[in-house]
Amino acid sequence: MSPTNPMNRRKDRIDDLAATSGGTATLVREAGTVDEKPGVSLIASAWKRLRRNPVFLIGAGITLLFVVLALVSRVIAPHDPAVGYLIDQVRPQSNPVPGPQPGFPLGADDAGRDLLSRLIVGSQQTLIVGVFATLFGLAGGMVLGILAGAFGGWVDALVMRIVDVLLSIPSLLLAFSIAALAARPSQLTVIIAVAAVQVPIFARLLRGSMLAQRHSDHVLAARALGVTERAVVFRHMLPNALGPVIVQSTLVLATSIIDAAALSFLGLGNPNDRQPEWGQMLGKAQTYIYDYPHLAVYPALCIIVVALGFTLMGESLREALDPKSRR
Amino acid sequence: MARFIIRRLLQMVGVVFVLSLLLFFWLRSLPGGTVSAILGERATPETRAALTKALGLDEPIWVQYWKFLTRALRGEFGVSTGVLPGTDAMTIFLDRLPATIELSFLALLIAVVLAIPLGYVSARRANSPLDSGLVVVSLVGVAVPVFFLAFLLKYQLSVEHNWFPVSGRQDNIGCTRVTNFFVLDGLLTREFDCSASALKHLVLPSVALATIPFAVIYRITRASVLDVLGEDYVRTAESKGLNARVIRGRHVLRNALLPVVTTIGLQTGGLLAGAVLTEQVFNFGGIGNALAVAFQRRDYPVLEVLILAAAAIYVIINLLVDIAYAVIDPRVRTR
Amino acid sequence: MTRKRTAPLVLLTAAALSMTACAQSERDSDGGTGASGATNVKDTFTFGAAGAPDVFDPLYATDGETFRITRQIHSGLLGIKPGTADIQPELAESWTPSEDGLSWTFKLRQGVKFSDGEPFNGQAVCDNMQRMFEQKGAGQTAAEYWGYFFGSFSDDPSGSLYKSCEAPDENTAVIDVTRTTSSFPTILSLDSFSMQSPKALKDGDANNVQAQGEGFTYPAYSKAPVGIGPYKLSKYDEANKTVTLVANENYYGEQPKTKTLVFKIIPDESTRRQELQAGSIDGYDLPNPVDWKGLEDAGNKVEVRPAFNILYLGLNPERNPKLKDLKVRQAIAYALNRDQMVKTQLPEGAKVASQFMPDTVSGYNTQLQPYAYDPEKAKSLLAEAGAEGLTLKFAFPTEVSRPYMPDPQKIHAAFTKDLEAVGIKVEQVSKPWNGGYLDDVSANGAYDMWLLGWTGDYNAADNFLGTFFSNLKSNDFHTSVMPWGKTLSEDLKKADAIVDEGERDAAYQDINKRIAEEYLPGIPVSHSPPALVTSDKVQGLVASPLTAETFDTVTVGK
Amino acid sequence: MTATATTPSTNRHGDEPLLSVRDLRVTFTRQGEEPFTAVDGVSFDVRPGQTVGLVGESGCGKSVTSLAIMGLLPRRGNRVEGTATFDGTDLLRLGSSEMRDRRGRDIAMIFQDPLSSLNPVVPVGLQVTEVLERHRKMSRKAATPLARDLLKRVGIPDPDRRLKDYPHQMSGGMRQRALIAMALACAPRLLIADEPTTALDVTIQAQILSLLKELVQETGTALVMITHDLGVVAGLCDEVNVLYGGRIVERGGRHELFGQPRHPYTNGLLASIPRLDAERAPLTPIPGSVSDNLPWTSACAFAPRCSQPVDVCTQRTPQLEESGSRALRCFNPVGGPR
C-alpha cells in the first residue's frame, strides 16, 4: 500500500477520525475491519499520527537536541569542565562561588570551574547514565523475560520468583540500597543501581508480551511449519514483543536520570566530579542551595527538561503504538 | 479466596526469607561496616579486633547467619549500631513506622482526592485546554526530582514566608505519646494543639510526596476514563436515557476505577522510596529518614530490618490491592 | 526563577494551608513548658544537633553529638577552662602527685550532690574509677575512651595506666597509676570519665552492656543518667527527635541561666540553617564555612573557635617503596599548593600546618615553617630521587565532613591537580567513610597516600603525636619500615613520661622539628577553625576550642 | 406487513410516519483535516409497527445514521445536518436533556456485541431496572418484579437468579436477550437494532431474530434493523434501504428488492450469498473494498467495484430516483433502464 494512493489516504483518515474524534466503538470497528495488514498499518499509521502530534514533536525535539548536545558538548563547551580557572577567586566565606564574568557567563562552581561548560559537558555523562542504566536494565530484563516468556513452565516460574524478589522492594529503595552497599561508589555503581530497578520491570513486560505472542496465530503457524524453537523465539516472538519495550525504554531514560540525581542527593552518587553529570551537580549543590540557588536550579532545569522530553516522547509513542488507546 | 490469601502470604514469607539471605551475605561481604563506623579515627588494631570479637563478626559467616536467623525468629533482629545505637532494629522500625504511615497516608489522600476528579474531568474534556494543561502538569510532576521539589516548597513556604515549619514532626510543646501517630495522639489525649502542630508539619512533606502518585493516578484515571467512555456499555447506558449522574457513577467511574485501584496500590508501595527523599529534606522522623541514616552510618541491622520490612509491607499492600480488586470487580470475584 | 517555578505549588498547598490555619496562633507561642522569672529572656534554649545521642552514660559514648549532651548533665574531677583547651579544677579542687608521679591525691569540692541527691565524696570517686576499670566483655569495647586512654581493664592490669583508687576521707581521693605520663591527670577532664552516682549506677545495672548481633544493648541506666551538672535529663522524645534537659536543682554551682535546654536533632546541614533562620532553633554547631557570611548577614552570631585539629596527607612507604625516599616525600610537600587550598576551601582563620599539631598545644615548635609551594623544586627533587613518573594511589573518604575537612573530595581534587602538575600520576580512589575507608587506611594499608585528620581531645602533644607515631608495630604511616621509625616511637614515649612541663615541651619541640625536616612521615596540611552559630538573641555562650561548650551560662532574649 | 393494531398507547395510522429522516448528513471534522462525510443525505421513513432495514457493508454509514438519530454521536468532532422527525419533533434539534428523556422511553436501541454492551460490573437486573427507575420513576424495589417479567418475556430461564448475575456469567444469546429486555422495558415505539445478531452463533442468531420479530409484532413497536446480512433482512423487514458510501443506493419492499434487485451493488450482495436452492449458480463476491470508493461529488462511489460500469459512472453523480415504493441511484441498473 502506497501512501500516494488517494484512496488509501482516505482509509487512513477514517482510522484517524475514529481514533481522534473520540468516536464510538462501532466507528473504530467499522474502520478497523477494512485493514488488510494490521501489523504494517499499525506501525505506519502510528508514524503518521506521531508525525502530526505536537507532543511527540516537542519530546523528540528535546531529545534530539539533548543527544546532539551530548555528542558535540566537548567541542562547543567554552572551557574545560575539569579545570578550576577561577579557583583563586574562591573564598569559602566571602565568595564561595565566583559569579558571572567575562568569559564565564554563568560564573563558576565552588572549585572555580566554568559552570556553563560543566552544564554543557554534563549532558554527556547524563546521557551515558541514562542510556547505560536503561541498556543494563533492558539486558537484565531481557535475559529473564526471554527465559520466562520463551520457555514457560518451570523456567517461567523460577524466573518470575526471582523477579518477585526484586519487585518486592520499592523501586527507588532498591537503587538506594545497591548504591549504598556498593563497596566503591562510582559512576558505574550509580548506573547499576539505577538499572537494577528496571530489570524486573523489563522482565515482566517482555514476559507478558512474549506470552501473548506465544499463543498468537503467527507463532502457532510458525511452529506448525516446523520452525525451530530458537527461530520462533528470536524471529517471531521477540520482534513483535519489542514495541512496549521500546516505549518503556524511552520512559526509563527519564527516570534513570532523575533517580541518579536522587542518589547524588543522598550522597550515594559518583564521588568523582571531574566529569560533570547533572544529577551529581544538583546533588552537590545542596550545600549552596540557600545562598547560591542557581547552582542547583540550572542542572535541575536541565534534568526536568530532558526528563520531560523523554517522557513526552515515550508517552506519545505508547499512545501511538497501543491499539487500545487509539481512540 | 482464603486459599489465595494464604498462598500469597506463604509466598511473601519465601520472598522475605530469600531476601534476608541475600542481604545478610551481601552486607557481610562489604568492607568497613559496623566496626569502623563505631570506632572512627580512633580505631587501633587492638580495639578493632576486640570489637570484631565482641560483635561475633570473626565467626564463620554461616554461623553468623544461623545466629541471625534464630534471633530473628525470636523477634530480635539485631541492635542498631548507627541510627539509635543499642535499640533493637525492629523497635526502631515500629517506632518510626507511624510517622511514615502518617506522611504516606496524607500524601496518598492528597494525590487521590485531587487526581481522580481531575483525571475524570480531563477525560470528559479530552483535548480541551484544561485537559492539555493538566496533562502537562502531570508530566512535569514526574520529571521534577522529588527532593528538588521538596526543597523548593520548603524554601518558598517555610523559609521565605514562614507559613509552615521548616522540619520535624511537631513543635516541642510537651505532647504525650500514645501511638506515635502524632495527629491521632493529640486527639486521643485531647492535646489538640499537638495534633494541629503535627498536621502543620505534615503539610509540606506530604504535598511533596504526593506529586508523583498524583501524576501517575491522574494519568491512569484519565486514560481509564477515556477508555471506558469509549466502551459500548456506556453507549448502551446513554441509549437508555439514563441520568448523567447515574452514567458517571455507575457506568463510567465504577469501571474506570478498577485499574486506578491497582495503581494506587502500587504507588503506596512506592511511597516508601519517595519518603526516603522527602523525609530527608524535611527531617521527618520516619522510616525513610532512618534508612538514610542507616545508609550513611552503615547500620546493617537496621538496614536489614527496614529493607525486609519494606519488602513485606510492599507485598502485603499488593495482596490487599488484589483482594480489593477482587471485591470490586465481579469478574474476578465470581470466577 | 525559583520563585516563578513554585507559583503553582503555592496554589497546590493553599488548600492544605487553610486546613491547618486555625492552629497558627498556637505555634507562635514560645515553645517553653513553664513560666520564666525574668521577663525579657526565654526559659528555653533550643540547639540544633547534627545527630541523635547514642547513650547518656558518657563512659560508653564516643561521638561529639552524644558528648555535647552528656557534658551538660555530667562533670569530671577536672574540667576545661571555658574558652580554652586548658584544664581547671572541677569536682576536684586541687591535685598533687607523689614524688615519683605515680600517686595522685585529689582534694574534692565539698557539699556536692548528684542530681538524685546522693552525696559526692572520695568513695564515690573510687567507685566510679573502679566501675570503669572493671568493665567486662562488651562493656570493655563500649567503653572505648577508657580503653584508648587507660590501655586496658581489670582483667588485664598489665596494660593499664590506672592502678587503684583509695578514699582516705570524705573529701579526698587518691588514684595510683602504673607509669608517669603527661596525659594524667589531664585525661580525667574528658567527658567519658565523668562522675556518676554510684547508687544510680548500681540500681540501673549500668554495666550491663551486651553485644547483640552487630551492636550493643545498653542497660536502663544509659537512658536515665544521674550525674553532677547544671542540667539533668528530662525526656528523650525519640519519635520527635528531641532531647529535653531541665535545670538540676541539686547542682552545687550556680543554677543555669536558662532553665530548659532542648536539643533538636536535625542531621541535614542546610535544614539546621533554615531552622535557625525560621527561629525554631537558637543555634547549631559546625555551620558550613560557606554559610558563615550568609548567617552573619541574617543577623546571627558565628563564633569561630581556635583550630584544635590537623588535616594531613598520610603516606605509606610500605605499600609504595618509592615513598621511602625523603626526597620524594619532600617533593610531594613542595608540589602541594596548600596555601591555595586553605584559602579557597577552608574558612577564614584556617592555617597551613607546619607540624602535626595546632599551635595551641604545648610543645608546638614556633620556629618551623611549612614547606612552600614550589613545583619546580618538587620536580627537581623527584628527578634527583629518580622517581619521575611516580604513580600514587591517592584516596579520599566520601559521605563525610569533618571540622578539619569540610569537603574531602574537593581537597583531594585540588591536590590531585597539584601533583599532576609536577608529573606525579594519581590513581584516584574513594570509599565511604563508614564503608571501609578507615579500614583501608589503618588495617589494610591499601593506599599510598590518603586524607585524614584528627581533632584533639585535650591539650597534650601526646594526644596528637603519640596517636600518630607512638605505636611502632602498627600505625597508619607504617613508620616501622623506616630506619627512624623506632627512634621516633621511643622518643615520643620518653617525652610523654617527662614530668617537668618545660623539659617535656622542649622535647616535643625537638621531635616536631625532626618530624618536619628529617622524617616527614606524612604531609601536615592545615588547621581549620570550627565555628558555632547562634541567633543574635543568644548571650553568654563561651565557645570552646575543644568544641566542648556548656550551656548553663546562656540566655536567650525574647 | 403493515402496522398491526395491537399498539397499546399510540393509535396512529399506518400512513403517518413515526420517524421521518430527511437528508441526514453526518460530517466528521477534525482540526487541520478535510472533513469527511460518513452519511451523505440519507432519507427514509419508518411507520408505526413497520420494520425497516438499513443494509450495507462495514463503513457504509448505517451505524452512524442510527447513532445520529439516537443523538449518541460524540459531542465534538462531527456535524449533523438534516432532520429526523419523530412523532412531530425533530430529534436532531432536541436539547440533550430532552433527548435523554426520549431515549429508552420512546426510542430504544440494541447493539451488536452483547458482551461489551453490558456493563461488566453491574448486575444484569440493575441494568434493567435502572431504565424503569429513570423513565417510569419507579423505586428499584418496585421495578425488580417488572425486570424479572421482562427477562422471562425475552426467554431467559430462571430470571430470579439471573437478575443478580453479572454479564460474564451469561451466555452470548442470553446477554443479547437481556439487552433486548432493557430496550423494551419502557415499551418504546421505535427500536433500532444495530447488527443485533452479528456477534452470535448461527443457531442463537435465529432465536434472537424470531424473538425480535415476535416482540415487535406483540407490542407494535416499529423497528429499524441495521445489518450487513441480507438473510436477516429477508426474514424480518417490510422495507429495505441499501446504503453505499453514506448514501442510499436502492430502496424497495422486501419482496421487490430481493426478487428484482436493480442496483448492481444490491445484486452483488445477493449474489454473494450462498443459496441452497440454486446450487449451480456460482458465488460471486463483490471485488475490492470500501477503500476503493470514488467521491460521490463527481462520480458514483461504487463505480470501481461495479460489475457493469459505464463511462458516465466516473463523471457525474447519480441521483436517487424514486418511483412508487422503490428508489434507485444508478446510471446503468441491472436489467437495463426502465
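Order of writing sets the chain letters: A, B, C and D. Residues in each chain are counted from 1.
Assume contacts are C-beta pairs under 8 Å (C-beta built on N, C-alpha and C of every residue); 3 or more make two chains touch, one makes a residue touch a chain.
Because the structure is predicted, anything quoted here is derived from the model rather than measured.
Visitor: Centre of all protein Cα atoms: which chain's centre is nearest to it?
Guide: B
Visitor: Between A-C and B-C, which chain pair shares more contacting C-beta pairs?
Guide: Looking at A-C and B-C side by side, B-C shows more C-beta contacts.
Visitor: Take the average of all CA coordinates in chain A, do the same for chain C, and state the distance between these two points in whole angstrom.
Guide: 47
Visitor: What whole-Å value do you get for the distance between chain C and chain D if each is reduced to the mean of its CA atoms?
Guide: The answer is 90 Å.
Visitor: Can you give the whole-Å distance between the Cα centres of chain B and chain C?
Guide: Taking the mean C-alpha position of each chain, the two centres sit 37 Å apart.
Visitor: When the centre of a chain is set as the mean of its C-alpha atoms, what distance in Å lies between chain A and chain B?
Guide: 24
Visitor: Touching two or more other chains, which residues of chain C qualify?
Guide: As it turns out, chain C has residues touching two or more other chains at 2, 274, 399, 431-432, 435-436.
Visitor: Out of chain B, which residues touch more than one other chain, so two or more?
Guide: In chain B, residues 30-31, 155, 159, 231-232, 235, 280, 296 touch at least two other chains, as defined above.
Visitor: Which parts of chain D, given as residue numbers and ranges, touch two or more other chains?
Guide: 72, 111, 116 - these are the residues of chain D that touch more than one other chain.
Visitor: Quick check on the complex: what are the chain A residues that touch chain B?
Guide: 22-25, 28, 161, 164-165, 168-173, 176-177, 180-181, 183, 254, 258, 261-262, 265-268, 279, 282, 289-290, 293, 296, 300, 303-305, 307-308, 311-312, 315, 324-325, 327
Visitor: Going by the contact rule set out above, which residues of chain D touch chain B in the complex?
Guide: 70, 72, 99-105, 108-109, 111, 113, 116-123, 126, 130-131, 134-135, 166, 168-169, 179, 182-183
Visitor: Tell me, which parts of chain C touch chain B in their complex?
Guide: 2-3, 5-6, 8-10, 12-13, 16-17, 19-20, 22-23, 26-27, 31, 33, 46, 52, 54-55, 62-63, 137-138, 140-141, 144, 147-148, 211-218, 222, 237-242, 244, 262, 264-268, 271, 274-275, 277-278, 280, 399, 431-432, 434-440, 442-443, 452-454, 471, 474
Visitor: Mind listing the chain A positions that touch chain C in their complex?
Guide: Interface residues on the chain A side: 84, 87-88, 90-94, 96, 110-112, 183-185, 267-268, 271-274, 286-291, 293-294, 297, 301.
Visitor: Considering the complex alone, what residue numbers of chain B touch chain C?
Guide: Touch list, chain B to chain C: 30-45, 47-48, 50-51, 54-57, 67-68, 71, 76-86, 88, 95-96, 98-99, 110, 137, 149, 152-159, 162-175, 177, 180, 182, 193, 196-197, 199-200, 203-204, 206-207, 280-283, 285, 289, 293, 296-298, 300-301.
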